[in-house]
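Below: a set of structures, written as structure tokens.
Two complexes, one shared chain (chain A), two partners (chain B, chain C).
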Partner chain A sequence: MEDKQNYWSENLRLIFICLVIWFVVSFGCGVLFVEPLNEIRLGGYKLGFWFAQQGSIYTFVALIFWYGKKMNDLDKKYNVEDA
Partner chain B sequence: MDELKLYTWIAVGGTFGLYFFLAWWARAGSTSEFYAAGGGITPLQNGMAIGADWMSAASFISMAGLIAFLGYGGSVFLMGWTGGYVLLAMCLAPYMRKHGKFTVPEFIGDRFYSRTARIVAVVCLIIASVTYIIGQMKGVGVAFSRFLEVEYEMGLYIGMFVVFVYATLGGMKGITYTQIAQYVVLITAYTIPAIFISLQLTGNPIPQLGLGSTLADGSGVYLLDKIDQVVTELGFKEYTTSSLGDVEMFAYTLSLMIGTAGLPHVIMRFFTVPSVKAARQSAGYALVFIALLYTVAPAVGAMARFNLMNTIEPAAGQNLEYAERPQWFKDWEKTGLLQFEDKNGDGKIQYTADATTNEMVKVDRDIMVLANPSIANLPNWVIALVAAGGLAAALSTAAGLLLAISSAVSHDLMKGVLMPDMSEKSELLASRIVMTISILGAGYLGLNPPGFAAGTVALAFGLAASSIFPVLMMGIFSKKMNSQAAIAGMCAGIGVTMLYVFQHKGIMFIPGTSFLGDMKPNWFFDISPNAFGSVGALVNFVVAFTVLKLTKPAPQEIQDLVTNFRTPHGEIAAAHDH
Partner chain C sequence: MTRHSKLAMFLAPFLIIGGYVLSDLYLEDQANELKLFELKPMGHCDVFNDNCILKSGEFEINVMHQGIVTTVNSTYPLDTATLFLVDTQGEATPYQLGMKDSPYYWKRETPLGELIANKGEKYKLRFIGEIKGGKYIAEFYTQTVK
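Our next item is the complex of A and B:
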């Protein structure tokens, strides 16, 4: 029971970290701070525009795989893997 | 028959033959196979199938066209329709897979130990899914009207018939294999023209890089800068900065993201993987396959806009003679989706931001992707391929949605609540009848869709965002959340959203029934009906937690159930009682 509690809080911590990044790259860089970021160029892209139309999507993919990997480790650590 | 028509028939006929063959080959036997394909699908396969299921006419046919005209503002679709997978992979899919039921309302019914909660979820699901199908019908209608050179309405009727035959033929098993085939067809059809056009314009074959490159004409000017210059000269807003407004951008993106995580036909996919680990992985693979299209789409949109502007006005002041308009222009005029009116009588085409002098009186956004390869003078076989891809996208999603609706009615409502002793055979029959009714209803509403395909689909996301997503989240993350709170939350969330959408767009989108015009001064905090799902979701959360404060928390056995599905290990006894 204790173990399940710890497993869950470690999971929640991971989710929190991921969602902060998720928020920053999309709502942050892509919407709220798009104007200052647009002052910076990435080739032909304005940086804020790039985040909104490219960068956020790449980050989402990386986040999901990173979370999946971390959770597999966590499942092993607490010995709660399913069959 | 000219060459293009011949190729189109071969591409569309050949791919359709393949889908029907696969659906027939793997046709469903028992009900458990019909809904969830028996659980034996790998994360990679499932990811691809989710990709096909997910990327509908809205993504394939409509989205890049909207981006072409919205510019930066179109980013809401790009972020919104991908970001939801992060929520799915972390907050919903693993736990719902662990719980192990066939449908979303079934999960809600179990978690909130309430038949009423299950029925309310079914109703929310049906409203969202039917709206979604209207968007698909618009896309199917556009594709068929162009391909068969008929009016949009006729294209829609033909599309309804094809969707009907297709969806009633196979269940999810058929659909899983066909959807893998459909994914391959649609991604090929989307990227090949994009690669050609990117090469033509910038010399870089990778569209994601081409969009950030300089033009191949030797001027050394960046493509995006050139587009900004061309559109602003004609009075349009600057492409790379034309925002919908901060509040609207924020609310719209959020609504699409949480709608993604609340749409039953996508969540259902995670019930078909063998383990919790596979559920997390499937979400990742799904997003990889989706991102392949979504990172190309902004290039398709920007380049289509550039080519369109350049065709009509190759150099400032040198407008195209209407009599010399290219073949694609004439073809789309036949569908009624592109219209020209020579307002100043000079025989030339003026395309400007000013409504009094603009002569391109109708440019339906939904034609851009399909017209794009012809505008860029690509070979005929590429144009044919795009037609096949667009139909694959629309068909696969329509079929997945129809399955979600029919299983909600026949499995959750009829077998689960009204007639528990219904035989498997009559359950299958009921689900097919429901599919038929849904197609007819959505087709009828598709004659006067509430917006472009992607906009209509966005409304569906708002409805899912405001009803299903919040209760799933609360059901998993708050052990104490009880049935009264969940039911009140769902009703309040979808109620507020529907009220707002219908007052601007008409009751159930029937023209002439809106009581406030769909225009900006009537919007609440500048939030459009398409983006209102995020407000609805907020209402849902607030109402639910308020009711929870006033009522008793969920009983102990339900709290134990939640503890149980939070960890991958161990069985849930009730999970396999079907």
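Our next item is the complex of A and C:
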């Protein structure tokens, strides 16, 4: 029972981290901090603009695989992996 | 692909759309707020000799006076343009400029020519230009150099 609770709380923690990264990248880098980020250039593009157009999508895709890997590790740790 | 990766891939589009909606709402709210930008003269300002450029970021205006007509030319189209002539007592007389052919050019007859016709004469001006709810303001001096 305790294992299930620990598994669930670690799962929630991971989801929370993912949501924070999602918010920071999409809303933070693309909107809130776009002006200071635009002072930096990446391959000729303003960084804030790049985040809004491409960077956030790359991060979201990376986040999917990172979340998948971390959850698989968690499954192994608590012996609840797919058969 | 594990169940977790499948779940994450299923949820990702909803989060992307959520981020887009949030950003759109935020930017729309920002656009409705009044924005005020101050224009600063680039170097010496002499409207009588067609040498007076005011700048704020990428927005620039050129103020010039020929004959009895004062003209303002901007890099972005303006909705309204008002020029104020400020006398030595600080009294400002507003001159609402009229559009000349396109919203990039605004002009009006003003007595500015009489006030700065001679070399060395100096006069205080103020400018207010509106673009989509944003206001560009400037207070500057023009001095005739030749």
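Convention: the second predicted complex is superposed on the first by the 82 of 83 C-alpha atoms of A that agree within 3 Å, B and C clash if a C-alpha of one lies under 4 Å from a C-alpha of the other, contacts with A are read in each partner's own complex, and residues count from 1 in each chain.
Just so we're on the same page, a contact is a pair of C-beta atoms (placed from the backbone, for glycine too) under 8 Å apart; a residue touches a chain by one contact, two chains touch by 3 or more.
Worth saying up front: this structure is predicted, and the values here are computed from it rather than measured.
Enquirer: So, does A:Ser56 touch the first partner chain B, the second partner chain C, both, or neither?
Expert: The answer is both, since A:Ser56 touches chain B and chain C.
Enquirer: Report for A:Gly43: first if it touches chain B alone, second if chain C alone, otherwise both or neither.
Expert: Once the two structures are laid over each other on A, A:Gly43 reaches chain B alone.
Enquirer: See if chain A has more residues touched by chain B or by chain C, and give me that chain.
Expert: Comparing touch counts on chain A for chain B and chain C gives B.
Enquirer: Under the contact rule defined above, give the chain A residues that sit at the interface with chain B and also at the interface with chain C.
Expert: 22, 26-27, 30-31, 52, 56-57, 60-61, 63-65, 67-68, 71-72, 75, 82
Enquirer: What residues on chain B touch chain A, complex-wise?
Expert: Residue positions touching the partner: 67, 72, 74-75, 78-79, 82-83, 85-86, 89-91, 94, 98, 208-209, 211-214, 222-225, 240-241, 243, 246, 249-250, 253-254, 275-277, 280-281, 283-284, 287-288, 291, 294-295, 298, 563, 566-570.
Enquirer: Chain B touches which residues of chain A in the complex?
Expert: 4, 7-8, 11, 14-15, 18-19, 22, 26-27, 30-32, 34-35, 38, 42-46, 49-50, 52-54, 56-58, 60-61, 63-65, 67-68, 71-72, 75, 78-83
Enquirer: Of all residues in chain C, which touch chain A in the complex?
Expert: 1-5, 8-9, 12, 15-16, 19-20, 22-23, 26-27
Enquirer: For chain A, which residues count as touching chain C in their complex?
Expert: Result: residues 22-23, 26-27, 30-31, 52, 56-57, 60-61, 63-65, 67-68, 71-72, 75, 82 of chain A touch chain C.
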